[in-house]
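Below are the structure tokens for one structure; questions will follow.
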Amino acid sequence: MSIDWIKLLFTLLGLFIVLNYGLLQYGLIRRITARIGKRIGMPVYQPYIDLVKNYAMRSQITHGVMFYLGPVFRLVGGVGIFMFMPLIYGSYYWSNYSFAGDVILIMYFMFFGMLGMALGASEGGHPYSFIGISRGLSQFTTVEVPFTLAVIAVAVQHHSFSLTEIVAGQQGGIMHWNIMTNPFAGIAAMLAFLGMMMASPFNVVQAPQEIPIGPPTEYHGTYLGLLQTNRAILYVSESILMVNLFFGGATNWVELIVKSFCVFFWPVFVGLVFPRFRIDQSIPWFLKIPLILSIIGIFMV
Amino acid sequence: MEDKKTFIDPDLTKRTVIGPNGEDITVDPIQDYFCDALPKKHEPKRAKIFENFFNWARAESIWVLGFGTGCGSIELYPLLTPRFDAYRFGVQMRPTPRQANLMIISGYLSVKTLKRAIRSYEQMQNPKFVMALGSCTINGGMYFDSYNTINRLDKYMPVDVYVAGCMPRPEAILAGFEALKKRIKAGKAEGANLYAENFETYKANQKKIIRDWNMPDYNW
Amino acid sequence: MVSPVHIVSIGLITAFLLGLGKKSQQQMLVFVLMIATAAMTMVSGSWLIGLMTGSLKPTDVFTAGFKPPFAINLRMTMDEAVLTTMVNVFGFLTVIYLFDVLKKAGKHLLSIIVVFLIGLNVVVMTRDLFNLFVFLEITSIATAGLVIIIQDSKSISAGFKFLMASSVISGILLIGIIFAYSYVGNLNIDFMTNLSMVKGGAVAVFLVMTAIILESKQFPANGWALDMYESAHPAIGSALSAVSAPAILFVVYKLMPMVPENWHPVIGLLGLITFAFSNFLATRQENIRRMLGYSSVAQGGLMLTVVAMSVYFGQSFWFIILGFLLTNFFAKAGLFWLNGIVNSDDQNKWGILRKRPVLFFLFGVFVVAMAGLPPFPTFFAKWEMIMQLAQGNGWGWIVLILLGSIFEIAFLFKWFGRVFHAVKDQPAEPVIPWFKEFPVMLFGAGILATSYYFIKYQQFDNLFVLIPLLIVAAFVVIDFLPAFIKNILLIAALTFYGYIIYPEIKGNIMQLVFMSVFLVGGILTLIPGFATKGTRAGFYPFAAMTIFGLIMLVNPGDNLTFFMGWEQMALGSYILILRGKKAERPAQQYMLFSAGGAYLMLAAFGMLPHFAGDTFFGNLSGLIPGAGVVFVLFALGFMLKTAAIGLHIWLPGAYSEAEDDATPLVSGVLINAGVLGLFWIVTSFGPQQLFGYDIFQLMGWIGAITAIGGNMLAIYEEDMKRLIAYSSVGAMGYIIFALSMDSKLGLLIALYYMVLHFIYKTMLFMSAAGVIYRTKTRNMYEMGGLIKSMPWSFIVVLIGIITLAGMPPLAGFAGKWMFYNAVVMKGWYLQGTMVFFSGIVAFLYLYKLIASVFLGQLKDNHRRVKEAPFVYLLPQFIFVIAIMVLSIFPQVLLEPLATIIPDRVPGEAILWDGRLAMTSFGYWNAFAVMTTVIVMFATIFLWLTYHSRKAQKVKQFNIVFAAERPFRPETTHVSYNMFAGYKKALGWLMTPLATQFWTGISDWSTAIADKVRSWYTGNGQTYAMHLLLYAFVLYLLISGGKIL
Amino acid sequence: MEYLTLQNIGLVTGFMLMLIGLYGALTQKNILRIIVAFTIFDAGLNLVIVALSYIKGRVAPIIDQTTGVTNLSEKFVDPIPQALVLTSIVIGVGVTGVMLTFALRMFKTRHSLDINDFKQTKW
Amino acid sequence: MYKNMFIILLLAGFGLLLGSFLLTHHEYLSLPQLPAYYADNTAPEVGAANVVTAVVVTYRGFDTLGEVTILFVAASLIAMFLKHSKAPRHDRHPRPSSVILSTSQKLLFPLIVLFGAYVFANGHLTPGGGFQGGAIIATGFLLLLMANPQAEFKHGLLNAIESISGTSYVIIGILGAILGLGFLDNRFISLGQLGTLFSAGAIPVIYSLIGLKVGAELSNILHHLNEVQNEE
């Protein structure tokens, strides 16, 4: 297998775009959040500054090898999701490395980063890391169920696990989008998406004051920089995944960005409106409404 | 002093435990649990342009450790409200010292709190800045003769900015931020390095007033 | 040739002459008795040998020189020769065994013993009904005399009860004989065969038969016998059980020709009821002698059944009855004698035997032989019996036999386990006189020799059965060698075995795959054994037995080989588990469940010919009415081994309490036996229905629930090994689910997961073993931060859990990917989601496993812990390499595995396009994923390394702790009850229904046993009444309710 | 009246004795009485055996002047039950003796002859 | 009470079972084959005038051997059982037996023994035999014991008689097997004249031995029981 260097370049370019987009999007979201709170808020480019500052920290500490590797795992997870996902429908070069696997690969690659992060944070030995991780994992188990069911529903509908195929099946107008053709699965997936984003009301994992931001309590400097980079990429990637699955994909960058921004705004919006759930409240919640919706969705197909 | 008794922390005394194979294992908590390295001075980047850029980034992204020491901490909360909105200036609150750059000593510092403040300060990473609020941190203020509060903060840690007042209003704190930013951008805010360079002095000062010094010399 | 009648004359002369002896000559008298019994043995033995070699012909001895029916005649054929030899050999050994007792007792006791033997000899040989009665009476009175060797109040009252009972029985017998005489006009059994045809003659037959059946101590009219067993000297108990009972049963056999054909099943059923109930009651018994009594009675019942159905069994009759008879003879006698040696009825006192390895080994042999496990004769006899019964659709019978057998196993292994662990507080070196040890050893040798002949008789494929068994035997013999030599030898033996077996199975990929799993697994799991010091007595024979049992499963020539392998593996692994320090109860549970599963399979094997042709792996296709039941029985049997939910409660205990380095073998390797079985039945049966319901549906749900249940239970475990064990339950649920999809992809998943689970679970267990070896604890909350001292183990666990979780890029993802495709193709969304959910839930316990142990705070007492020994790490890294290879090139494994799946199975297979795997749904390129991930990882890692090159290494307490500092590692490490929130939310799923269910069953059976056994009031009068009642009820049964 | 033969009378008496004996053995609490009951049972049994040998109008099977030596099979009653009853009686004696001995020893151990007092072994 | 009722019912059922025999059984009109054979062939084959004796000692001699063994084992058991009770002997002085008893005992004892001997020696001729004779001898000993409960026997003699007679019995049986046609065959000694004392081959010998043995055994039993009583 010869390496397609041009494709690699395009992929890296896409990664760069997504990174910037992710940072800006985060800034914008923060800004919008501030405006909702009648504040002016930070500049849109603030995430860049934070990133630079974190990479520019002079001293660092390390708790051990796994602590060191945690952010690496995390970022590989984030970048991996991006790499294995087709971005623009119909474009060979913007389909990234999606030839390596289908949506199942993407779903499971999410765990990669999570696990690495969990292990890295644990090596720090901070009890709050443990607590945060145990909460995060607990919640995650139930978030994934409706999401997976929704994915399966979509896959069954299009008779494929391939994202390209799924997007292809949604072409031809808004009424062909899966959110319209299979609204139950779509809604279930969108609800699960809330949990995946770990935004309020499902952000008890990081509960900033109770267990100072949970898992990454000990992370700082470059580590934190990596995590921030990852966040930018991962959130956008997940949004793109949702776009591909339920919102007809995108045929060009503008469409992609608009759609993914809209999708990403959904958890932000919910997070601004609802207060935080405890872990033992969120788990049954996910196993009730989204699960039922997704089961209906799967049998609708 | 006649009543200078050494405080013995039961958690930090040497102890012997029995290992899995029945062998005796002596544990010296200070040695075994804590890193005993001393802080090092971190030189700025040689290339001025990088250093300036980084200093700009540091100045524009000030992450404040959410640690209220005295009555001044009540003045910190308004900073986050729509009225003062410190976010505009790139100021954010962080719950963990690892990620924070700026420590705000918000008012009087009792000896007990000083110990915690030192620990938190040492756990912050270089570069790190200290902003001290109110007269209490400058000269003791109304607690100048208290048996239990310190009078001058910069005997114990390098302070970048003092914000005077009792207490300073949020506007004053915002002004303090601006002053700090200027210092940082000018490359003058090298408190961390200062602390490392004069570590013995600081430590001696700290230990003089904190009698139950039950921690390593430097808290990594 | 010496006439058989001289057995009697020699004995009688001795008995009478003993009366002349003086007190001072007692020791000489004992020797006289010894010589006399030896002479009797020689007479009967020479007949046995003569008849066997054919140099002698079966003979009738005419007393007084008249032909029957005019005079009493004795017969000597093969049957009588066997039985009289048994009686006389036993008599001889009893005299030796009782040497010290007899030396002190008077000459009268000597006379009684010899008269007892004569009585039994004549009972066996005589062909005259009344003569039979006379000698039965002799035996009875002699028995009463023997019971009171120990003249305590217990034995005296037991003797009196026995006399009362035997008076009633002999009354019934005599009436019957007289009636018989009055109907046919003679007393010779051979001339009476038409008795039941004569009008009214049936009553006579009935009375005679009833008396004999009562004499053979059938439940529930056998309280007197039990009391006797309990109170008599063990040597006498053994005589009652080992020779008296067979003699009586032989009488039944002699009388069977008189009995109308339609009574046979009734009598047979009586025996079976005895078998089932006596064993049932024995489970409740604490007193060893009484327990042995129950067991003897039960064996008697079983033999009665066989004898009663001798016509039915036809040619197999001899095989079956000999199997039971000889085992009961050797083993029961041996156990009673051991009881005498231990000299206590308290199980805990039996720990003395642990000080004498040979005796303890024999004890184990006896117990196992009694329990009907291979390679002992009972096993084969039981198999044959079930097969024969199944041929005639005797399902009710089979149920009774299997129930009885499971109860038998319950109490025998409870006892064995107790003794195994009752080492403490025993005198250092028990004094056991040679004359007590000698008979036991002789009988031990006897049962082993018998087993050898039984196995030879079966004509197995030697490569698969005999050679392994000989290897096992060799390891028994060399058990005194140091552990590492034995380890080398066993590894060498396994390797060599693999070498010679390879050409045999080369062509069959399925066999190759399973064989390599079992052999390679066996070898690799043995490697950590090098770290053990000392001789490690008793480990290697059973490790070998387990591994070879597994190997027998792979290439069975016939059903019996498979079943034998299955039982052998169960036995071997039972011992391996039992060796754990606190493993007594878990091992008992394991044995019970194993046996339960095995018996279900046994029943299924019996049914097999009715539906599916003779062999197990026949390829059926299409729906066969009724085959569903067979399938379900098999599936249950195998699912017991794979611990499907509800049947899983044995697993955590067994796996966690086994010796740490034996656990990988017992779990990672052994559990695949169940998968093998399930795979076989799924492929060979195909979809079948039970009551019109698709079994695969059902199995799928079971699999899904198992997967979720196992993983859920694992989350809350604090014990490292239990956690991994529960994880096995989950993984097995996954496999069951995959199998039940019955599609090409599904079966492929199952096989792939089987291999993968074997790799990572063995690896994890070994790693755990290494950690436990160093830290000496299994509780995860007592560990923490071990990554610093055990980095290699950490890497292994990390790779293990990534594989387990199915995360790309490692090999586990292949399973997940195929799983989604298969589920979607099959359309089992709900079940699929449950399995998927379980997979996610796995993250929780995996995280707990790795984080609690290796990450977090290092505990004080583990500060000096070293890395696990090299011999632990070596196999682990071999597995790691295997996982890595599979991760990059999954087709190496997947393509051959796919060829195993028969074409019958519906569904599409994976298409391979170079390194790209495709189905109609999705695609996946492991190589590309792996490369991409490695490149990404390397890039980012270098980037980080560049940035953090100056990072200061800090220690465990250098954490931000809300401006405080941690106090103790113990209070800083979050591990105990880590998923409390999850418990709060989903804890209700964890209601231990299965445990409650099985505990309920156990409680109920205990309660019922208590109620039932209160039938034995201890009052001789009541016992006598039982006899009459039994006779009367039996009469009602046989006459169909008509009293007249 | 046809059933009222000597043999039947013997048989019925024997049966009755047996039943009485059994009743005694099953209901009496005193061990000695139980033993006595068993001897009654034995007696009944023996009576049955002897009764069976009876053939109306024949003589005891002893050859003497009155019987002559020929055609004996038409003159004698059945000799076999008589032989059997001898054995049976002797056995009865033996068993009774043994039981009595047991009773003696049992009395010594507990100073009681109540059968209910000898339930050390049960269940 | 209910228990008794139950037992009565049970026994009633059992009685009915036995009663069924009455219904199906008919009195013989002629002897069946086997007893007829005995009746006809005893005289020529065995040479005993008493057919029952012939059946007991020869045709069913093996049973008789068993009988002897039963008595033997019972006696052994009693001996073993009672000898073991080593309770301290109370020095009890029971009331001396009456004059009539002690006097008549002295008179009758030899006569009884003699009568017993007569009975067993003529077992092949008259209604009698070893067991009967032995029992009669034992009554003599019973009388002895009743008259003098404190009497000390010499066990040795009784034991010797018992052992030797028993052994001889078996040896005669073996001789029958060696010299005659089978074990316990009486015909290795000439049958003699029917109806005389020395007829019927070995039967009188055997019966005498049995008589001696039974007498000795029963006496032994009585004596053992008596000893125990003395201990009380």
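When the chains are written out, they are named A, B, C, D and E in that same order, and each has its own residue count from 1.
Here is the rule we use: a contact is a pair of C-beta atoms (placed from the backbone, for glycine too) under 8 Å apart; a residue touches a chain by one contact, two chains touch by 3 or more.
Remember, it's a predicted structure, so these values are computed and weren't measured experimentally.
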{"item": "Chains touching both chain A and chain E", "value": "C"}
{"item": "Interchain contact steps from chain A to chain C (minimum; 1 if touching)", "value": "1"}
{"item": "Pair of chains joined by the greatest number of C-beta pairs in contact", "value": "A-C"}
{"item": "Farthest chain relative to chain D (centres taken as mean CA coordinates)", "value": "B"}
{"item": "Farthest-lying chain, centroid of Cα atoms versus that of chain E", "value": "B"}
{"item": "Chain whose Cα mean lies nearest the overall Cα mean", "value": "C"}
{"item": "Chain centre separation (chain A, chain D; CA means) in Å", "value": "99"}
{"item": "Chain B-chain D separation of Cα centroids, rounded to whole Å", "value": "112"}
{"item": "Approximate Å spacing (C-alpha centroids) for the pair chain B, chain C", "value": "69"}
{"item": "Between chain D and chain E, centroid-to-centroid distance (C-alpha), Å", "value": "15"}
{"item": "For chain B, residues contacting two or more additional chains", "value": "35, 96, 98, 220"}
{"item": "Chain A, residues touching no fewer than two other chains", "value": "59-61, 212, 217-218, 221"}
{"item": "Where chain E touches two or more other chains, by residue", "value": "7, 11, 14, 18-19, 21, 25, 32, 34-35, 37-38, 60, 63, 66-67, 70, 73-74, 77, 81"}
{"item": "In contact (per the touch rule at the top): chain pairs", "value": "A-B, A-C, B-C, C-D, C-E, D-E"}
{"item": "Interfacial residue positions of chain A with respect to chain B in the complex", "value": "30, 34, 37-43, 46, 49-50, 52-53, 56-61, 208-209, 212-213, 217-221, 224"}
{"item": "Contact set on chain C toward chain E in their complex", "value": "3, 5-6, 8-9, 12-13, 15-20, 61-66, 69-72, 74, 105-106, 108-109, 111-112, 115, 118-119, 122, 126, 128, 130-131, 134-135, 137-138, 141-142, 144-145, 148, 151, 175, 179, 182-187, 199-200, 203, 1025, 1028-1029, 1031-1032, 1035, 1043-1044"}
{"item": "List of chain B residues in touch with chain C within their complex", "value": "11, 15, 17-21, 23, 25, 27, 29, 32-35, 37, 67, 96-98, 116-117, 119-120, 123, 215, 219-220"}
{"item": "Chain D to chain C touching residues, read off their complex", "value": "18, 22, 25-27, 29, 31, 34, 38, 41-42, 45, 48-49, 52, 80-81, 84, 87-88, 91, 94-95, 98-99, 102-103, 105-106, 109-110, 115-116, 118-123"}
{"item": "Complex contacts: residues of chain C adjacent to chain B", "value": "774-777, 860-865, 952-958, 960, 963-969"}
